[in-house]
Structure formats: C-alpha cells, structure tokens
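To start, the structure itself, in structure tokens.
Think of it as A, B, C and D in the order they're written, each chain with its own count starting at 1.
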Amino acid sequence: MDNTNTLIALFHESTDTAEAIDELHTLGIEDEKMVVITGVPYPKGALGRQLEWLTLPYIVLAGAVAGFLFGLFLAVITPHLYRLDIGGHPPVGFPPAAIIIFVFTMMATIVSTFLGVLWEMNFPRFGPAPYHRLVTAGHLAVLLEYPITLDSQVRQVLESHKAHHIGEPERMAL
Amino acid sequence: MSEASPNQPKHANHPDQMPEFEERLLLAERKDWEINEAVLQPMFKTGRGFWILVAILGAIVLWGLYAWGYLIYWGMGTSGKNRPVYWALFITTFVFWVGISHAGTMISAVLRLLKADWRRPITRGAEAMTAFALLMAGLYPLIHLGRVWKFYWMIPYPNNRFMWPNFQSPLMWDLVAIFTYLIGSSLYLYLALIPDMAMARDYTDGWRFKLYRVLALGWRGTEAEWHKLHRALGIFSVAIIPIFLSVHSIVSWDFAVTVQPRWHSTIFAPYFVIGAVYSGLSALASILIIVRRSMRLQEFLRSEHFDSLGKLVLVAGMAWVYFWFAGFIVEWYGNEPIVRELIHEEVSGRLAPFFYLQMSANVIPIILLVFKRIRTTPVLLLGTTLLVNVGMFTERALIVIGSLQRNDLPFNWGSYRPTWVEISIVAMTFAGFALLYTLFSRIIPFVPVWEIKEGRLRYTLRRIGRLLVPTAAEME
Amino acid sequence: MATGLAPAARRVVIEPFVDPPEETLPGQATWYASTCRQCPAGCGIVVRTINGRAKKIEGNPLHPLNQGKLCARGQAGLQVLYNPDRLRNAVRQSGGRGSRKYEPLYWTEALDLLKEKVASLSHPGRLAFLGGLMPDHVYQLTDRLLAALGAAPAVIYDLHSTLEGRGPAQQLSQAFFGTGDLPVYDLAQSDAVFSFGANLFETWMSPVAQSVAFGSMRQGALSGRGFIVQFEPRLSATGASADEWVPVRPGAEGFVALAIGRIIVEERLGHVGSHRDHAVLYQNVDVGEMSAASEVPVDTLRRLAKAFADADRAMAIPGGYLAGQQNGFASMLAVQALNLVVAQIGRQGGVFLSTPAPTVALRNKPRVNPFSDVLNLINRMNAGEVDLLIIHGTNPVYELPAATGFAEAITRVPYVISFSPFVDETAVWADLILPDHTYLESWGYQVPSPGTDRPVISGQQPVVRPLYDTRSTAQVLIDLAARLGGSAAEAIPWAGEETYLQEMITGLYGSSLGAFDARTSAGFWTLWRQYGGWWSEKEIRREPEITDIVQKPLPMSAPQYFGDPEEYPFHLHLYSSIALTDGRGANQPWLQETPDPMTTVQWGMWVELNPQTAESLGVGDDDIVLVESPYSALEVSVVIYPGIRPDVVAIPIGQGHQDYGRFAQAVTGSNPLGLLAPVTDPDADSLAWGATRVRLLPTGRKKKLARLESLDGQGRESIG
Amino acid sequence: MAKDANQSVEGSIRWALVVDLDRCTGCQACVVACHAENNMQIVGEKEAAYGRWTHWIIIHRYWEGEYPNVKARFMPVMCQQCTEAPCEPVCPVFATYHNEEGLNAQIYNRCIGTRFCGNACPYKVRVYNWFRPEFPEPLAEQLNPDVSIRTRGIIEKCTFCIQRIRRTEIDARAEGRSPADGEIQPACVQTCPTSALLFGDLNDPDSRVSQLAHSHRSFRLLPELGTDPGVIYLKGGEVNV
C-alpha cells in the first residue's frame, strides 16, 4: 500500500466532522475508507454516512431455534429415556414442557445475542489499532485512507474544519 | 439535605421557577472529559471508612460460611425446621432476593424500550443490583438441600445413572429460570458496560488499566461498534422482560402447585411478580440513595430521578395491594375451614404481629410516596423504601412459614423457631450482597457515562414566552 | 437346633463368614420359635435370625394364646438382647455398694463366692430370695434349692403383677371357684363386656390374647358386634376402644356392680329364668346409696343393668385398678358376682378357668406372695435377720413404694446378690451381680396364666448364642447345688439346665391331646422346639364350679384413702404405661420413643388433669406442677386430659429411673411410686396402690413434652 | 437402561391397606413393629419434642365431646400410597415415583433432600432425617439387612414393607405361583393384635381388601383432594352388612 496514506484527524464538534466527511466524499474517498471514532453514539446518519447491514438478528434467531430444540429435547425426550411414572401425571405434560422450552429458548436467545454481537465486532481484539485517547474526552476522530495524490487536498479540507492532531494515527495496543 | 443536589433548596422555596431547566440539561456546562473525571474520581478514592465497611461485611460473610459448613456437617437438624415446616427462613430469603433482583431489569430494559430518558444515570446501579441479588438468591437452593453435595443430580447431563432430572418439578423450573435470568442480566450489564470500560481504560494505568483493557475487549467507538451495540441492547431489552416475568412466576409456582392450603392459588404468579417489582424498586431507591451519598454522585443522581423512581414504587405498591386483596377476598369469602383457620391465625392468631407488620410496612409507604416532598428528600425516601422491604420480607415469611404450620389434619400442625445457623446464613447473603455492591461501585463506573453523554445530545433549549424549555429530539 | 419355620428368602447372598454360628446359612434367614418374656403373659414368638443375629421378633402363628400377634413390648424384645447397657460378665462392686464401680469376675470365682456366701450362713433362715415372675423352671429349681437348704421359700413380688392385681385375682378365683388358677374371660364370643378397671388391651394379664379376642368380638364373622362398657375413673386406652366410658369414683366400682346386680335381680331383668337364689347376694344393697357413693346416676345404672341382662352373652371383668384400692377384694367379688347373676360362668362368652399343665411336675409355678410377706421380709432385713439376699427378676428399689423403706432395709443386709442382666436400681445395691441371659438367649418354659381355651405350655429356647459372658440363672443354681453338695445336690441332680428341661418336657411325650406327636421322646423334644411349646390341638375349656361364697350377701366396704381430703384434694391414679409397663421397658429406645396412645407423649412423664381441674389450678399443657402426697413429692409436666374425673390426677408408671441404663435415665423425672402410702387391702393382703391422695402446686415453670399431636390442633380430627 | 430390574410382578396389581378403626385399640404394636422392620433412627426426647421423630406410622388420637360424655378415637395414619400422589411430581430428581404395583416408592439414595414432597404431602406422613442416625453398640445388630439405613438429609416414609412384598413374591415365583391373598404381610399388619390392619391387592376383586373396600364403612382420608389413596379406612362403631 505504498501509494495510499492514512491519517487521523480529531474534531471538537460533530457539525464540522459531518461537513468534512461530505467534502472528503466529494474528493472521491468512499465511506469504507473512512472510520469515525466517537466517545458518544451519534444518531444514524448524523455524520452523513450510511450504515452497513447486520447479521446479528439472524444469529439471534438461529440461537433461539437451537434453544427451543434443546428445551424440547429435555422436556419431551428425556422423560422417555428413563421412564418413571409420577402421581398420575403423563410422562410429558404440556405446562411443564412449555415452561422448560420457553426458558431454554430465552436463554439461547440471550446468549446468542451476546456472542453474536461480539462476533460481529470481532471482539475481543486487543491487537494494536489506530486510536486516539482524546476520543473518550469528547473529541471525534476521523480515520481515513486515501491515495497519496490527494494528500494536500485532504489535509486542507481537514484544517478548514478545525481539525487538529492531524497526522499518522498511532497504533496503540488496546 | 446539604449533600443533596444543589438545586434542592431552590425549588423547595419557589418550585415554579423553571426547575426543569437546570435538571433536564444534565451537566450542560460540562465537557465530556469533566464528566469522565467526575464519574471516575470517586472510584479511586477508597478511604478508611470504605475499608472498615468491607472488613465488617467480610467478617459477616465468613461467619455465615462457617454456619453453612456447620449446617452441612451436622445436618439440616441444626436449622429450626421440623415437621411439617419443611421450608422456612432459607426459602423465605430466597424468594426475597429473587424479588429484589427484578427492579434492575424492570428499570433498564423496560425504560430503555420506552425511551424514558431519566433512566440513564441509574440503569447500571439497577442492573448490578439484579445480578448480585440473583447471586445471593441462587445460593439458597443449594443451602436448603439436605445433601448439598449431591446438588449436581439436578443438572441435566447424560450420566452413569441413566437419569435425567424431573422437568415436571417446579424446582427444576426454578433452577433453569434463575440460571437464565442470571446469565441474561449479567450479560446485559456487561454489554452496556463495554464503552465505559474503554473510557476508563483511557484514563487509568496500573492494574486498573489492565483490568479495564481486558473488559473493554478493544472497544474504540467506531460508528459500526456503536451501531451494533445499540442493536444488541435493543434485542436484550426485549428478550429479558419475559424472562424476568417468568422467573418470579416460577418461584411462585413452587408453592402454588402444591395442595398446601393458601399456597394452592392461581393468583400467586402475578402477585409474586408485582411484589417483586415493589420490593425491587424500593431496594433500588435505597441503594441509589446510599451510593449517591457515599460516592458524592449528587450531580448524576438527582432528585428528579428519585421523584420518578418514587412514582414507580408508588404504582407498584398500589398494584401489590390490589393483587393481595384480589387473593384475600376470594379466600376469605370461600370460607374453606382450613383457609379460614389460617386467615384467623394471621388476623388474630399467633401470626397477627407479623401480619400487621406486613400490612403497615407495605401500605404506609404508598401513602407517604404520594407526597413529592418525600419522593425528593433522600433521607425520607430511604426510610420509606426500607420500610417497604421489611414489609415484603415479612410477607414472604408469612406465605412460606405461616402457611406450612397449618394443614388439613389439625393433628399434624406445627410451629417453627429459627436457629443461629439460619440467621447467620441469611445475614451472610445480606452482607455478601452489600460487599459485592461496594466493591463493584469502586471498580466499575457506577454511572453509565456514555449513556449520559448520549442523553445530552438530545436536548436543546427552546424559548416559550419567558420560559426556556428543554426539548428532546426524537431519535435513536 | 431345627428351624422353626421355612427360611424366608431363597436367595443366598455369598459373603465372607469366617466363624459361622451353628446352623446358619450366610445371608439366609432362619426362624426360631420361643416365648416372649417382656411380660408374664407368655406369648409365643418366632424370631428371624440372619448370620446368627436376631433381626425381628414376630408372634408365633401356631401359638393358641397370641395366634401370631404381638404387642409393642414383644416387638421391642430385640433391644433387651442388644441393649448397650447390658452387663457383659459377672461383676463384683469393687467400690462397695452403690459405688457403681465394677470389677469383672470369672464365673468360677463368682460361683465359688456365691457358694461360700450360702455355705457360710449361720442359719439357712438368714437367707432370703426375692423374685419376680420368673420362668417356671427357674422357680422350680429355686424352690427345690431353698427347700433343700431349709431356707424360706422365695418371696415373689413385682410391680407389674401388683398393678394387674394378679394376687387378688388368684384369691378371687380361690374364693369364688375354689382354685388358685386365674379365670379366662371369653371375650371373643361375648357380646356385652362390662370391664371394671381392666385395661384389657394394654398391660392387664394377657393383653395380646385379649386384643385378638376383641378383634373377633368387634368384627368377627359369627357373633355380631359386641359392645364394651368401661368403668374407671380415668379413660384408659382400653376405655377409648370401649363403646361407653363410665367415670366412677375411685374405689366405688364395686358399688356400681352391686347396684347393677341388685337392679337385675329386683326387676327380674334379662332372660335368666329366676333370680331367687341370687337375691341373697344383694339383700342389703340400696341402689340409691350405691349411686351416690359411686357418683353414677341411677338411670345410668338402670340402663346399663338392662343392657347387661338383655345381652345374650354378657360378661363382667374385675380388673387391675380395682385391686389398687383398700376395698379392692370386695369390689372384685361384686363384679365377679355379676357373671353369676347372668349365668355366664362356664358359658360361651363368659368366665372359664385357666387349664393347668397336664403333668403335675409342670404345675409348680411362681405365685405372687401376699404383700405382708414383702413387708415381713423388709422388717427382717431391717432387724438384721437377713445375712444374704438374692434377687432375681424384680427391681424392688424401684418397684416398691419408697415408703416401705426397702431402700434402707437393703443397706442393712450384709451381702446382696442380684441376677439382673442390667444394673437397675436394686442391682446397684448388690455386692455381686451374676447377670442372667436375656430371654432370647435362654431356655425355659412357661404355663401361661391366665391361659386360653386349651392347655398350653410355651416353650423358650435360645434364638442366638449368648452375646456376652452371661449365664442363665437356672444353670447357676444347678452349679451352686453341685458345689454345695449334700441335700442340695440331691435335690438338684441334673447336669445342666437343658437336661432338666428336657426331662420336664418329655413328660408330655405321648399325651393324646398334643397338637403334634413324635415317635421318640427325642423327636418330641425337637418338635417342641420347632413349635415353640406344646398345646392341645382342640379346644378344651375348663368350667369352674362355684363355691358356697354365693350363699351369703356380698361384702360391702367403703373405699378408704390415705391423706386428708382437705389437704390433699385429688386421688392419685397411677397406671402402667402401655409401652414401659412397670418400668421394665424404660431401657428400650423403641419403647421410649413409642407415643403413649392417649397423650401421644414420647419419652417423658406427665400428670393428667381434667380441663376444669387445670383451670381451677391455673395451669395449662406443659406447665410443671408439684405433685405432693403425705409421703413425698415430684415435679412433672401437665397434660390436659378430657377423659379423667376432676377429682383424680393420673401419672403413668415406668419413668423416673435413677439407674437402668442410658435410655431409662435420659428421661428426667422421679419414680411416681414414691408418692404412695404403703397401705394394703386387708382382705386380699395386697398393696393398695390407688388409695393415696395428693395435692398439686403450680411451679410456674414449663417443660415441653414430646407430643406427637399438635396442641394447636386441640385433638380435632378435622377443622370442619 | 436397568429399568425396573427389581420389578418382579407384571400385570396390574395395586397393593392396598385396610385399616379397621372399629378394631384399632391404639396399642402402638404396629409402630414398634415398623421401627423394628425398617431401621428408623431413634431421635430422643429433645428432637421428638420438636417434631423430628421418624415414625412411619402414627396413631392419631381424636377427642370428642366434653367430660363426662367424652370419647377418644384412634386413627393410624401411614403413607397413603396415593395414585394421584401430590408428592411425586414435585421431586426434581425422581427420588419418589410410582411403581407398577401402585406403590409410592421412595428411592433413598436418589433423594437430595429438598423436602418438597414433605410440603406437598397433605397427610404429612413423610419424615426427614435431620441428623445422622446413631446406633450405640451393639444396637446396630438389630438392623434389618433387607432395609437400607437412611443417612441425614433425606426423606423417608412408609413403603408398605416393600422388602417383605418382594420376599414373598420371590418365594411364590420360586414355587411357580403368585402370592396368595393375605400371604404378604407388612410388619404392622403381621403384628396387629386385633387384626385391624389388612393388606392385599385392590385390583383383585376376590381379595379381602377389595371386598372390605366396598363395605359401607369404608372411607378414604381427605377424599376432597382427589389423591385416591391406597389406604382404606373402615369407620368404627358399626357392623359390616
């Protein structure tokens, strides 16, 4: 990647960030080439970027189904593996089975949600990554990768929107 | 209330002077890093008082553990149980803790769904309470076993006995439901914690840095991460609600499925759930007040929060009375001999003191909470909410122990006296809860910083006549 | 030994078994037939033994007396055998009497010591033998030995037979039927039983046999459902099973009987033709007076009289509580006379007599001595006229009222020898203890008295090898005789206990009556042990002849009580506990933990008060009261008892042991016999143990009794 | 799957116990017989006073009326061996279940001591081992080798002397027949002096038990709960018709 360059720029304020991003777009730098790092979750599109599509819901759904089946196994199959009759109850009764199946479904849902989201964010990831401590202090950081040819315009755009700490992002172990 | 929020006296004097103004624009004048500092600083300050508290709580816990060992070694006979009172203080406290655990999810999940903005500063405290209360509750199913070293026979796994547990037993439902709820609430707590761990990571070094770094899982705060986190939390808040409803219903069915008079009731599930919410919210209020005082978080936990919390408790309280009455009138009217006997025991018999304690401790707070003055004055609110929990504990004791002393054959009636073993073990769980919570508050940012910051994004001021009114932007 | 019944399980468990007791298959149950000695009734038992250890006692289904059934005490017999507090060998009290320090002795030493003590007596009259109701053969050997030595015959006293009025009952038979054999009441076929203070289904005479009869009387196939009326001041468990309970003033039971008889005779009730020859019996009875004296309303008496007379097979039973009064004998006569009035003597569902043993040799049985003999002995002991006291099968220090002063008297006897297998209150005062086998380790036989509808002899044999180095008293006596030589050795020529028994028993060989018959006398001996005794295979009832006593008016004597009614307002009503009887059961944990049927109290002792009495004293359940008699006092918890007269307080006998093992001593309390005045019934010359008055003083303290029932439940069946 | 290897009898047997209250004299013979047969522990006065005795059969005593017209009645109550047993479904580990012969079986070594069954049982006939059983030497010799000794922390109850049922069944099978009516006798039935207790197969129309079950005197304990007990009581004070 010798013909591209990566920069990090910090902003004090979201409007500037948004405008800067727009102008960078006009410079022909795609969204994928930019990463915005913030200490606060900004609402959708606040920074003028469209969001990627998530597989999380499907992971959750799959988990839920798995849980349902496991619950089904425990509540409906196991009573027949070692048949013991109890006080006039059938080996499998609807209400108890319903409870067990429900609970295991929910358990799987929760767990798969958690694991799913970690997977999507491919967490945990402690390796060195471009980041700036000031982010949590309220600054917005824009990480962008662009052809060296655009270097001057990019810097000019950033400065024009009161960006500071422009430069090579330091890759710190997180 | 000197240590209460600085605005307190002001609207005590002239309440109509734009009270909303300062409050809604929470920390408007603060920079993000100032917020961070404000949240983190109290965590690092562990004074002598703190260590003394930890020492005392630790001592109680150790004593309780000794008592538990004693119980296991000598047998269940060292507790005060007998025939026919086969369940007593342990199960009572178990139900109580499960109840406490409910407000946490109630607050954070339900309010998150409803986008009630005032929840933001208190969610984490609530979720932590849920997790720890459940940990304590989870001990009792073990403690009350006659052969605790065989507890794993309840776990469903293929084993050399070819045996699977009996999934028709409410105790099995208990086991899985509580386990699920524990997992759910702790993951929920943790997920919302990740960004703040990253924040703490950036502000600390030494062992704390190492800890936070690990817990932050490498969070940077890219848009994608925020987006995914939001989705996950959204799913969680939906999924956790049916769980928390099911857990206490199942606990209630431990009793309701038997033919034991007064247990055998269809209203038990909702009655227990609402009772759980009532006691849980009260416990939350008490805890927040104490933490707020000890950690100087007046800026974050403001009287407005206690006001709204108070209102919730009030509503839950009224609902509890309603369910209690709905159950009671049927039993009273049905006039079944044994039930009549039990009601008589409660209203004018040996159980009367407990019954009236329960009723007064559960009803008086409802009346008190009607007054904003009480809801917004920490000390008064603390007293009120503690009273509620005294009432709820008594209520559980009456249901579990009171009912078991009577049954259909008068020849078999009995009575019960707790022993030092039981009391020590119960004390152990209370101390254990306090200890976990204290340590937690010093290690984990008690206020969800990122959520507060997020909240700030949504407000602008708008002038209406001569009034500056905060207006929230509807966004997600 | 041959096995009594078929082995129980056919599966043989293989296990290492180094030194197997004879005739046991490892893991396989073997049943041995023997006789229960928990009380003098003599029920037949079969004992399940596995690997040479007795495991379970059950009734002998072949035995005509108890027909396979057994009472609580019989079931608990294993805990006599396996009692942890048993003496394990002969001992001498090293630290002097009462020191409870024992040094073990070899039996040879012990026997030499015994012989030397007997031989060194300056005069045989200075030897006294105090015994309980011992197995017949032990008594016979004792008798022979004492006779040979020229000593006075054994004095037989034990509390149990005192409480069941055995002595007076024997004299009643004597007076009424001219024989000392006890009557047998045909409960099974009677349809109207008037029980005057007879606790038929608890401890009186032969409770199991009577219970078996009760079962068939109630729901038996042939007869309809017979009814029972119980006359007693305190509702006993038997009274609870009766259809009607008539609370009579203590000691006035006889008056009730007289009144009923009078009414029947004078109103010509019932189906017995003419009552003329009975008129004389009741000529000076006034129903009004009787009713007033007994506090039973006249119309009740009239109603009962009618019911009694109209019944097809009515029967009146003079029970043990009557004998406890100073007018006991008169009362018993009056009750027995009722059977005469309804002509039920020797008739189905009426009164019969115990059949004696078929051979004369077997007839010599222990018989309860008049109480004056006991008092005599005590006086002689006090006067220092007794140098050697030998005690077997009784525990006088506990079983005699303290007021008789036995405890002091025994200290004046230079040398005391006890045969007790346990260190009981008396054995503590013995210099030498030669522990007898427990009954499951012993040989013996017994002619049950009262008997049943046929001649019976219960056989006793060891069901296990003796656990410890104990020795059967019979054997000890035989050895002693041998050591003494001379007349004693001539009187007791047998080599051992077993040979003696065999000789006695095989006397029956060839009898035509027997339920079993053998070709040889050896075979007979084997069958005897397999069956657990000998009995006639068909019913042979013995009908009594009535003496001329019935030609004169029945005696009428008013009850007298010891203690001024002003100072001591309550009658003290002692009764023998159904589980502990006279206290012998107190060292058996099963019996201690067995709830009393009426109060449901386990362990512990108590005093029963009528609710109004308790109210007037201001005491409630579990409150400790001081029960005080002119002689002594004791503290005991209260049981509110609806079924007792307000002027009577009842205390169960059996607890309050100072010695007799950990389980007996575990229960706090003192022996209620201490309260008794040593008064007697002059006619029967028996201890009047029901004639003492007491007062109660609340102490304000409480002791929770181990009740089965919940006091909150107030004894209700349901809360309808 | 060692399913019911111990089940010796196929077919529909239902063991039942008839208690004739007209015969019962409350003599406690059954109680001691039960102790002797089933190796229950002795708890002593203090524990017994606190409701921790271990009797499998207890004889209720009811008072009626006031002095002098007072009556007392006895009612032996042991495990009712319900068909619709409330105690069975609530056990998380199947320590109590229903066997082919209609018995409410209690598997001691499966029990973990939740005591849930004890609460569920309306007759309160399930007793708990609060402490380790102790048998001072040589009392342990009395223990019945056919019955296991229960350690602390588990529930036990009347089994209708299942070991005696099995023994008789095995004997009968060895002789190629099925047990005759009345041949099987639990310890209490065997010893009951008045024969107030009677044991047999309720599903066999000719057995004494099922005949008495149809007597007009017969009733069940707490019938309103619909537990369908296997113990049938016969009302006292009347004759059979």
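The rule is short, and it goes like this: a residue touches a chain if its C-beta (ideal position, glycine included) is under 8 Å from a C-beta of that chain, and two chains touch if they have at least 3 such contacts.
Please read these numbers as outputs of a predicted model, since none were measured by experiment.
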Decide which interface, B-C or C-D, involves more C-beta pairs in contact, and give its chain pair. C-D
Centre of all protein Cα atoms: which chain's centre is nearest to it? D
Quick one: chain A and chain B, Cα centre-to-centre, how many Å? 30
Whole-Å distance, C-alpha centre of chain B to that of chain C, is 68
Roughly how many whole angstrom separate the Cα centroids of chain A and chain C? 91
Two or more other chains in contact with one residue: find those residues in chain C. 708-709, 714-717
Going by the touch rule set out above, which residues of chain A reach two or more other chains? 81-82, 84, 86, 89
Touching two or more other chains in chain D are residues 1, 60-62, 86, 89, 91, 94
What are all the chain pairs that meet the touch criterion? A-B, A-D, B-C, B-D, C-D
Report the residues of chain A in contact with chain D in the complex, numbered from low to high. 81-89
Looking at the complex, which residues from chain D come into contact with chain C? 20, 22-29, 31-33, 35-37, 42-46, 48-49, 53, 55, 58-63, 65-68, 70-75, 136-139, 141-145, 167, 170-171, 174, 187, 190-196, 237-240
Per the contact definition, I'd like the list of chain D residues that touch chain B in the complex. 1-2, 47, 50-52, 60-62, 77, 86, 89-94, 110-116, 118-120, 122-124, 127-132, 151-155, 222, 225
Interface with chain A, chain D side, in the complex: residues 1, 3, 82-89, 91, 94, 96-99, 104, 228
What does chain B use to touch chain D in their complex? 74-77, 81-84, 86-87, 144-148, 150-151, 153-154, 162-163, 165-166, 168-172, 175, 254, 257-260, 404, 407-409, 411-412, 414
